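Every chain is named by a letter (A, B, C and D) in the order it is written, and numbering of its residues begins at 1.
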Amino acid sequence: MGNEQEALNLVNEQVEYKWVGTRPIRPDGADKVTGRATFGADIDLPGMLTGVVIRSPHAHARIISIDTSAAAALPGVLGIVTGADLPELPNEVAAGGEAPINFRYVSENAIARDKVLYDGHAVAAVAATSVEIAHEAASLIKVNYEVLPHVINVLDAMADDAPVLHEGLITKGVEPAPTKASNIAGKTEFAMGDIEKGFAESEVIIERSYTTEAVHQGYIEPHAVVASVAADGMVNIWCSSQGQFMIREFCAKLLGMDIGRIRVTPAEIGGGFGGKTTVYLEPLAVVLAQKSGRPVRMVMSRGEVMRATGPTSGTHVHIKLGAKRDGTFVAGEMVLKYQAGAYPGSPAFLGGMTGFSCYELPNAKATCWDVVSNRPKCAAYRAPGAPMASFGVESAIDELAQTLGMDPLELRLKNAAKEGTATIYGPKFLQIGYVETLLAAKAHPHWSAPLGPNQGRGIACGFWFNIGGPSSASVHVNEDGSVSVVTGNPDIGGSRASMAIMAAEVLGMELSKVKPLIGDTGQIAYSFLTGGSRVTFATGMAVCDAAKDVVRQLRTRAAKMWKVTAEDVEWRDGSAFCTKVEEGKDRAPLTLAAIAHAAARTGGPISGNVSINAAGAGPGFGTHICDVEVDPETGATRVIRYTAIQDVGRAIHPSYVEGQLQGGAVQGIGWALNEEYVYDANGRLQNTGFLDYRMPVASDLPMIDTVLVEVPNPGHPYGVRGVGEVPIVPPLGAVANAVSHAVGLRLTSLPISPPKLLAAIDGAKAAG
Amino acid sequence: MNAVEYAKPQSIDDAIRCLTNAPAGARVLAGGTDLLVQLRAGVVRPPLIVDLKGITELRRIESTAEGFRVGAAVAGAELSEHAEFSRQWPGITEAFNLIGSTQIQGRATLGGNLCNGSPAADSVPALIAAGVRCIVVGPSGSREMAVEDVVTAPGKTVLTTGEFVSQFLIPARAAHSGDAYLRFIPRTEMDIAVASAGVCLTLNAAGVCTAARVSLGAVAPRALLVAACADALIGSTLDDAALAKLAAAASAACAPINDKRGTIEFRTKVAGVLARRAATIAAQRARGN
Amino acid sequence: MATVILQTEFARRYTGGQTRLTVAVADYSALIETLEARFPGFEESLQGGMAVAIDGEIYQSPLLEKIGAESEVHFLPPIGGG
Amino acid sequence: MAKHHVTTTVNREPVELLCDPSATLLDVLRDELGLIGSKEGCGTGDCGACSVLMDGRLVCACLVLAAEATGHEITTIEGIAEGNTLHTLQQQFLEDAALQCGICTPGFIVAAKALLDRNPDPTETEVRFWLAGNLCRCTGYDKIIRAVMNAAAKMREEAVHG
């Protein structure tokens, strides 16, 4: 990364580290630039069959019957699975994985039982000796459907006369509980202060509705799995996911198996962004492997990925923001209506918890509606639920600044959350670095750079909690003094490098002698998945603890070799130093290698194994500045300059931290400008490929400048804060605000696609 | 599942023979950028795929007295790399440079882009504006026709069984003439044209437009050659009034659809904008020639 | 006495509307016992997997986390992420 | 079904195989030759993860029939390094942290090589448009573009000073 970039970074705590904060080449890099790295679809076993899924062409239909006889009779077909092959699970919320989960929904989403609820919903799968035979067999499976009326959009789905997806779905969180089923799965409220009073005291009130469309995580690697069943029934799964332990737990739940009878080996993962935190193909592949007695590989096509996995919610967001004339925020209210897709579980409540959290707001209320409709079940997507609510709030603040004639950055600064600020969900913030990001933005040359005709500049901010949770790490000292660091989290963006850096820092040894490895579910203790921006924080903390334990052991071993006590041994720069001086005793420092060589004589292998439930994840805040240029005759918008600023705690490997900011910003830009799910009148997805699901391409973008603000998190040995989620929160507002200033119109509906923007521009002209 | 056969004839006659003797549904393969997508999607399962890239005439770019004779299986990238051609016909070159990514441009061919029959094919309006003709060969001999007469509707052409386009006849650019092609897409690359315009015009010494051809893409079931647009330019110095008239004529000629790529209103308005902008570029080039 | 602050909606359902409660307890498990005694069914209401914030620190699966005399305690939904 | 006989050259090695006439070059590279470095992200030529060189020209292996490979020279990501010595582009991608998950990386490196083979001194805009057919969802492209520009500069240096 250019030094002109680093020059802008702000480091609040000057501590000299040997490795932390440096930019070494990632340990898994060579395999990934030479094509040797093994991703999910690259796994190949002897006798392996190919499995393909048969999917619903209807948005909503009852399955009358499934006739698999013709397919079963086809030579080369060795297994067929339908919903009837999976145990029927109780309709209850169980503590699972990340948040409480209704595994009945996960199961029915993986393969339908009595009803299909969206275009692309899996109804059966077949395994055969070749791809061609598998596809031919799929075409021979006859599904008899009774097509039902469908509903796609969130407001339509909430209407009284809307077709109901789940006959038994009674809205949670409303008193008294409704007596009749609806598509409204639940309502969650958060409140503080008294908004009626707050709005009464407000001198200016901005009130508007905003909409966003469903967007997909867009990882380039389609879901892929290989399942194999040993003669004793032991199940082996190889797949790319955000958590081998999550895959193991979900498959055990869905198949009614003991967790111990399943072993999951993580392949390299080709992007996830939250979209690979659940199962789709995995349980089907296991059943097909059980039925056929052969290993089975299943790989989704891009069309299957778009139709049946992800996305995140399309939303309707209503914001009311009240302030004093001097810009002091007094009251804020948001009503969030989020699509959950076919099964309950939208991140609406997370939108409610995060939307106002960048600001000091004495009176606030968020009402969050979770609504099902005939779309794929939504999955987590980077800061789930936060960007949509933030888009509304940051747009309203921008409009308030215009109304008050205030600088939008100063207005945010005036109301910025700081240590001690109360959040709408309850707790007060501890040490946070939000104000620092605003000050960095104010000082950045971008903020004061001149703009040309048809250009506009937008600023927006974002917040995410970040999480910790269960993580395990093993640090093994090898016979020659090299070190293996084993963790249980798939490396989705360079985390191997961070783990190695932290271990080498604690051990004071050469980084090149530390080899980070990712264990399968039998090689390392349970670790919660790679998500929630938790790995460098939580798993990193486990690695630090394990390495510290290794240092303790090394001192004890050195003490034995010197016949002194551990207290007489000091560990420095990867060697043991004896502090006890005795006449005639040569106690030259012992290197890690020397102690390792002698390990057998001093008590056996040296290894630190730590499992923790990490608390103390520091929240993250970001401030983004976006410049756009609009072609007023075509409605085309180009992002011409972009700067992402974030409080990252401490950057262990700054390049990969910058990469998180840049990648998140660009996903947000795509969300704001072109990405959207488009359904036809029959509820069939119209853009199932990258041709018409328009993710940003290289030529759409400028360089994405970053500023890393380092306000160390006291909850981590090196001050790490999660960084992955925050960067996708501000872009929606930043882009929309920039376009609004470029064309002199307030854009409230994403994506701001050219037809939509041109219609708005011409509409305003017509209105005069 | 019915088998697919692959054949790579070395001459036009062999190719015609392959196609005529093949069971119904045989498909010609040039660049394959559309055919392979259809194959994978299971939209088509042809009994025979006839690869035309083994036929020398179809792979050649020849300079002739009349201009250029370009094989139908020449890839867009190969055409762009032909210095003399791109000097004379920057508009056509630009159009081919816009077809998909670098990867696609290395494969997609002139014949394929036309005969796939997409109303949004980038090269077609540019070829029509330039007055390009093509040679169609088949069991009943060969015939020559204007590019605008090949496609009849989305995915449909006048070609009959055993027929294929072998070559394109591109005239030498007339003196004081210039061409240009513009399209609108939501991103900067990788999209299918939402609306497009190809313009070729000639100016006299006084800078008055004496001849013009304007073609629009993605705004009707097939690429259009719009006489009213030419009329708006001919006799003018491409002043604002003439350009406004051109834009209006272009919009008036549109008969687009609403789909995931654009609305009727959007396509109609943008077609006019693009025609105006393309005409301005073409005129600058004409003045330079 | 530590202060427990509940969201209105949550309080309506489990504490008869009381949103601020004061309790003298040393840790989380003692807090739950106390609240269960005062509001039978309270413990079950957390089975969905509520997280707790003690003096601003969020715990997703608490048990013996210390609660001080001046502590402020909030219950909140479990937070995941992408 | 009748298999088609293909005789071609892959990464400078002669290859002879039988395949389904409708099989793509990508299917054959991955499933028959075990060259898994070319990835399938879409199967429709829209993501570039399967980028390979055919007689030095950049193509998507998913849009080429294996049968078409006869008589041509194919270069995949596995053929970019010289033995165990990484190509300058590969080394620069590592030094500039131009990858996160790494699934798109082989395609980007093959595509960038095709560019630098033609144009050793491209502008940022030229690099961005040349690589527009290669999707990356992790990096926002910034570090990839920098890596290609930096590799180009190093390769120009090497060309001058040998």
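Everything below uses one rule, namely that a residue touches a chain if its C-beta (ideal position, glycine included) is under 8 Å from a C-beta of that chain, and two chains touch if they have at least 3 such contacts.
All values derive from a computational prediction rather than experimental measurement.
Chemist: Could you see whether A-C or A-D has the larger number of C-beta contact pairs?
Modeler: A-D
Chemist: Could you state the distance in Å from the CA-based centre of subunit A to that of subunit D?
Modeler: The mean C-alpha positions of subunit A and subunit D differ by 29 Å.
Chemist: Would you kindly tell me how far, in whole Å, the mean C-alpha position of subunit C lies from that of subunit B?
Modeler: It comes to 69 Å between the two C-alpha centres.
Chemist: Subunit C to subunit D: how many Å between their CA centres?
Modeler: 56
Chemist: Multi-chain contacts in subunit D: which residues touch at least two other chains?
Modeler: In subunit D, the residues touching two or more other chains are 1, 20, 43-44, 46, 129, 131-134.
Chemist: Considering subunit A alone, which of its residues make contact with at least two other chains?
Modeler: 132, 217, 272-273, 690-691, 696-697, 699
Chemist: Going through subunit C residue by residue, note those that touch at least 2 other chains and give them in order.
Modeler: Nothing qualifies.
Chemist: All pairs of touching chains?
Modeler: Listed in label order, the chain pairs in contact are A-B, A-C, A-D, B-D.
Chemist: Write out the stretch or stretches of subunit B touching subunit D in their complex.
Modeler: Listed in rising order, the residues of subunit B that touch subunit D are 1, 3-6, 8, 29, 32-33, 36-37, 39-40, 49, 51, 53, 77, 100-104, 106-107, 188-190.
Chemist: Would you pull the subunit A residues touching subunit C in the complex into a rising list?
Modeler: 93, 95, 98-100, 173, 175, 188-191, 217, 272-275, 277, 349-350, 353, 380-384, 425-430, 464-469, 531-534, 613, 615-617, 715, 722, 724-725
Chemist: Would you pull the subunit B residues touching subunit A in the complex into a rising list?
Modeler: 1, 42, 184, 186-192, 194, 259-263, 265-266, 269-270, 273
Chemist: What does subunit A use to touch subunit B in their complex?
Modeler: 132-133, 135-136, 633-636, 638, 673-674, 678, 686-687, 690-692, 694, 696-697, 699-700, 753-755, 758-759, 762
Chemist: Residues of subunit C touching subunit A in their complex?
Modeler: Spelled out, the residues of subunit C in touch with subunit A are 5, 7-9, 12-13, 47-49, 53, 55-61, 72, 74-82.
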